[in-house]
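Same chain, two partners: subunit A is paired with subunit B first, then with subunit C.
On to the complex of A and B.
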């Protein structure tokens, strides 16, 4: 297209804008903030967004398929908390992990089943299961808010693992991003997700197994949450379940939406997650260096997220004629 | 009757299966599940927790309930308008803080605090409403974000001003009264919740803005097309929700005399759960304030009850999560499958053993023997007409008939080639009759009894009778007015064939075979309609006897003709004059020789007669087979039968070729000709009756020759 002189509109999409903002912000921070450009700080930035980015990958896959997973943080924190609690009470590692895997799988399946087969809107299902997972694990399975990692356990060792002075979660994030990229771009089911997200009815009509794929997406998201939870526990040597009540969940949505993954589904990919994570990482780091209190950071993040979904509303306007009744 | 059949007849005729379907058509069934849940919740927690219903305990929990109900009412209105408001918790907290700030730190009056509170709520609601209503953002995510925003703001404000509030010495009797006092035994919060609920309920059900909210929630596009300002309506719902939340926030500020980090925490998911558990539908249009309140009581009882029973951290979230998931799923599945369930259970066939009949086959030698005479009839309006159920001629020999398109068409004498639309009614005109002053009276399917003057003014005479005491579905409405005739005193006798189905579902009624047909009378003197007889299997044609002292009416699915006495010793009673005919009778009209013509809309078949003895089979059939494979009365052959005053059959004729008049629903004799109509036919037939009086007309027979 450029060859015949058309302006390249693709460079003006949200992803491009956000990337440009991220670069500008990075440059500004590098010039204006002392210690920002320091290699250790850069590693810290990447490290800080790794867990967020991993969670956002799972969220991205769900959002591309025209859903949303509000139970991600609850699954992340509570599955690992349960795992650690089991370990601390003497359950063999393999058995404990099997329990947790089964639990995570069950919640993913439940989410997927209710969304796909009972036709319940994803936001309500995942809001409810998130609340349930937190409440059930907190009240029935663990005894206090924070559960420590047992001494010498592999999760603790994982936290100390470094390669070229870079923490291991950065590599895990990169690896997962690459796997998700391959899945979304080059596998049949990955491509189907875009079709199903763009127009679920048409996708179903041409024979795509829309419903089993929906279930698969929520299961994937749940497993990704488990991985993110293990990494969090690895770096902090414990897991604090109060994270469920924090704004982490909205940070995840923020990363996905601000990177340019339209909430109406069918658009975006791994690159958008990376761009969104970069912007948020730089922003959070810069705010921390400037020493903005956490409460104000939340306010700023909320304002940005609000701005992001307003922009999303303009870029991906909802079509009044085809919008489903009850699509809220 | 074999034992098996006796069992069948008991099972299907005595057990009122049809009531299940009728109850399911009622809207209040939507309320039944949340109501039962409410009773169960109160019962369980009331029995588990000692002193649950004690006045002091109730006083405290109702105060909380009052505040919570305010929020739920706001949430209900937003959800009815098709949205959702997750920011109510934040608005609640911020309004609470506004009140606290104005009262304790600025040391202003309580009323100013209330004003500040409400202003905060309205502002926040307006932001939500603007983004969702005018910018058309997604309600769920937008309010989620404004919720975080509001929460973050509140956390900052509370940590900043907490110490100042603690140190403040402001006090007020008004504040204490609002927070702790009672008025007629109820706290201010409960009064506020009740008043707001009543006002909101009245506004939603009886005012224009309320209807607009329901219309937008029911179908945004249709509401837009109907000229409703959708965006403004959506905007207003969020403003209202903000207002409700701010009232709640003000009340808790008075109750606790302060604001803490926990104020309004988790309220959004509680309010959402309450609304959904109460039965307010996601996606809008269905629900009510009362449902929201029921949900509020359920949710608050559960969460408070669990706390008082000593369950630890997280139990609330667990229970809320389960309740929300279950309620949403039930709501979605119920809405989606309600019609399916209704279709499955609505048709409830009964057992009937039809009496043995004589054959109508040609060559059988019975009085019912059908010949092929009608196939020789001329046709009128061939291809122009659709569905002339009844035909009638006036004194000037013009021919009238109803059509499927909701019109009464007039064909001009003498050749009946030219035609015009005489009157547009809107429903399907079935039975026709002329009264003394020349008005054309018509039974209009699914609408009622109508009168068309010679000047073509259409007037509704009757659309309802009195309701019977045992009816579940309102049976005052005329569902299938079918045929009418007029007594010498001007009273109009007419039939309403079934209470169970609309006119076009007559085939379902024949399969169900439940006796719900009625004979009614309309009195033009006072405009009243009375039910004379009830409980017949599809009452159909009505005809005044020649002497005007009795009338004949047909009972289609039982193949019988009854005589109803207007005068004489048997006045007000009916007797069966013809039973067990081989055909299903339709309209009845006078013949010139003192006898009566009767149309047969179809013929009995051994297979359908057998199926009437197997209601279980018919039930399975309507559930499992597509409609075009159902077994129902044969309407491929009909006929015209003449019977005399005592019910003896004089003659029968038909169209065995099936080309011209396979199904006959009406016939009218006029000057030696018989005009034949059929509800599924595309023509009117004109058959010359050999030996008939060439001067006899129906109007003259009823009302005398023109003076």
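On to the complex of A and C.
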């Protein structure tokens, strides 16, 4: 705001722009589309982006620390597929879950170790581990793409949980968003992520444990992926590993980047994820109500991602201080 | 009497000498010709992916048959990636052990047309299975998707009943795969004959269960009085089922889908009421059809690319009421059998 009360357009950042677009879209849909403003539809919108939003929270933490995690979807689908396969073949629940949890944490540690200590660019490490996780689990541990949840198992019951008629994943998304917000905003390690993402060398010089923290971020991202996978299986009563081939991974990056989390690191937070998820949720819901074919939906989504990245380039320009070899 | 007895004895001796003597020497020429034409022939199946019920069922039945007549059976797994499938076909054609028969499960109408032509030019018979393509293959074995769509629409109309809202929702696959396009055409044909039934929404799931759930949720939100939904594949219809369950419309919305007739995918879900009707493919018979046409082509002496046969599998809409113990085949049982 300047002296005469007009918003200062030059200080408008990407988050603001996307938020404005989301509000305009919301208003237009509320007026133009019958049934859009219905409370149940609004709940459905939030729910449809819950799993996406949870994955985007994990991605956000990695991106803020100047990294990227392309293995998130593979970890999400394959860990849960393996878990369900173990259950279906009679492994006790506790033991099966312990195996899977250990596997997920191991992949997170491997990602983090290779990026932090072996100095391999994150984009290559996670691309490779994602393919490895998919290939190994698909070929060695499970027998087909879709693995059903055993009848009456807690994962199935979780999917049916409602509070005030609102599905449980909405609360889990909200809860995780709040925890991540607290972590990023109020804990020492949370604040360090911004320093490390903004300028890793300087962060290390002032004594921040940059490398162990990097490992932590990839472990967090892997763990969040497991939660997202469990919620997906809970709702559908099965998990289909075909999702690894889908555009979900790009949608996660889309949600994080479109909300204004700069790919060059050090900027953004939970609010950006929420804004990005809101825009995508409203957009997809409105396009489905209007009955736009999927091909065009993808085109529109892709055009918006491209626009957001271009705007990001203008608003968060890279300079010699922050650019680095192997930067994404 | 004596003369009659003598005559009968003579007749018996005659009969034995005339009818049984040649049987020591006579040999049916069939098996030798059969074995000569088929022995050592290579059959390769390239489905869209190996990880789903249809591909695993075909593999099980075909492998058993092909190996029984002395051929070799191989599969390739493109894992839903069109390029990987193209690579597999290219490699197969140019390898030293070029297959004599290539069975292709085409992901869309056009992608593999050129490659299939190349395969035929090299002398490999090309069979299309399940998904038709714009290509004159030596044989197509699979569903008549138009007819299948009609069966689905008829089942949906029956599921709705005459006193319902007569509103239908469709969850299509995508706009490229022939099975989705032809299914839609078939459904529309039936609806033309039943003009009081209307399609109120027809989103795509892109064959993904989560997308199917989200679009179905929106569809039911907008039209809570929908009486039936047709989801184009049982692989993603679990999503539509979840949306119906979440909207507490179980028993009110009749869900129709189609699949390969696998027990956990289809029959169990008909039994527990998740699906109202499933148009199921008789997979064992479909595999048997493939095997028969392969054996015919290999013995016919006809050059690859000169015949054009359509062998449509018999389809039937199955509901809970007409479920029988043998309505489905059991993937787990087949896998256990193979593992032995």
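We adopt the following convention: the second predicted complex is superposed on the first by the 311 of 328 C-alpha atoms of A that agree within 3 Å, B and C clash if a C-alpha of one lies under 4 Å from a C-alpha of the other, contacts with A are read in each partner's own complex, and residues count from 1 in each chain.
Keep this in mind: contacts are C-beta pairs under 8 Å (C-beta built on N, C-alpha and C of every residue); 3 or more make two chains touch, one makes a residue touch a chain.
A quick note: this is a predicted structure, and the numbers were derived from the prediction, not measured.
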Partner chain(s) touched by A:121 [first = subunit B, second = subunit C, both, neither]: first
Partner chain(s) touched by A:303 [first = subunit B, second = subunit C, both, neither]: first
Which of subunit B and subunit C A:295 touches, first, second, both or neither: both
Contacts of A:138 with subunit B and subunit C, given as first, second, both or neither: both
More subunit A residues in contact - subunit B or subunit C: B
First, second, both or neither for A:41, with subunit B first and subunit C second: second
Shared contact residues on subunit A - subunit B and subunit C: 138, 145, 295
List of subunit B residues in touch with subunit A within their complex: 82-84, 131, 135-142, 144-146, 148-149, 151-153, 155-156, 159, 219-221, 224, 269, 272, 276, 281-284, 311-322, 324-325, 328-329, 332-333, 336
In the complex, subunit A residues that touch subunit C: 34-35, 38, 40-41, 44, 47-48, 51, 138, 143-146, 148, 159-160, 167, 232, 235-238, 240-243, 245-246, 284-285, 288-289, 291, 293-295
List of subunit A residues in touch with subunit B within their complex: 68, 114, 118-121, 123-125, 127-140, 145, 247, 250, 253, 263, 295-296, 298-299, 301-303, 305-306, 309-310, 313, 317-318, 320-321, 325-328
Contact set on subunit C toward subunit A in their complex: 49, 51-53, 56, 79-81, 174-175, 201-204, 206-210, 213-215, 217-219, 221-222, 235-236, 238-239, 242, 245-246, 264-265, 331, 335
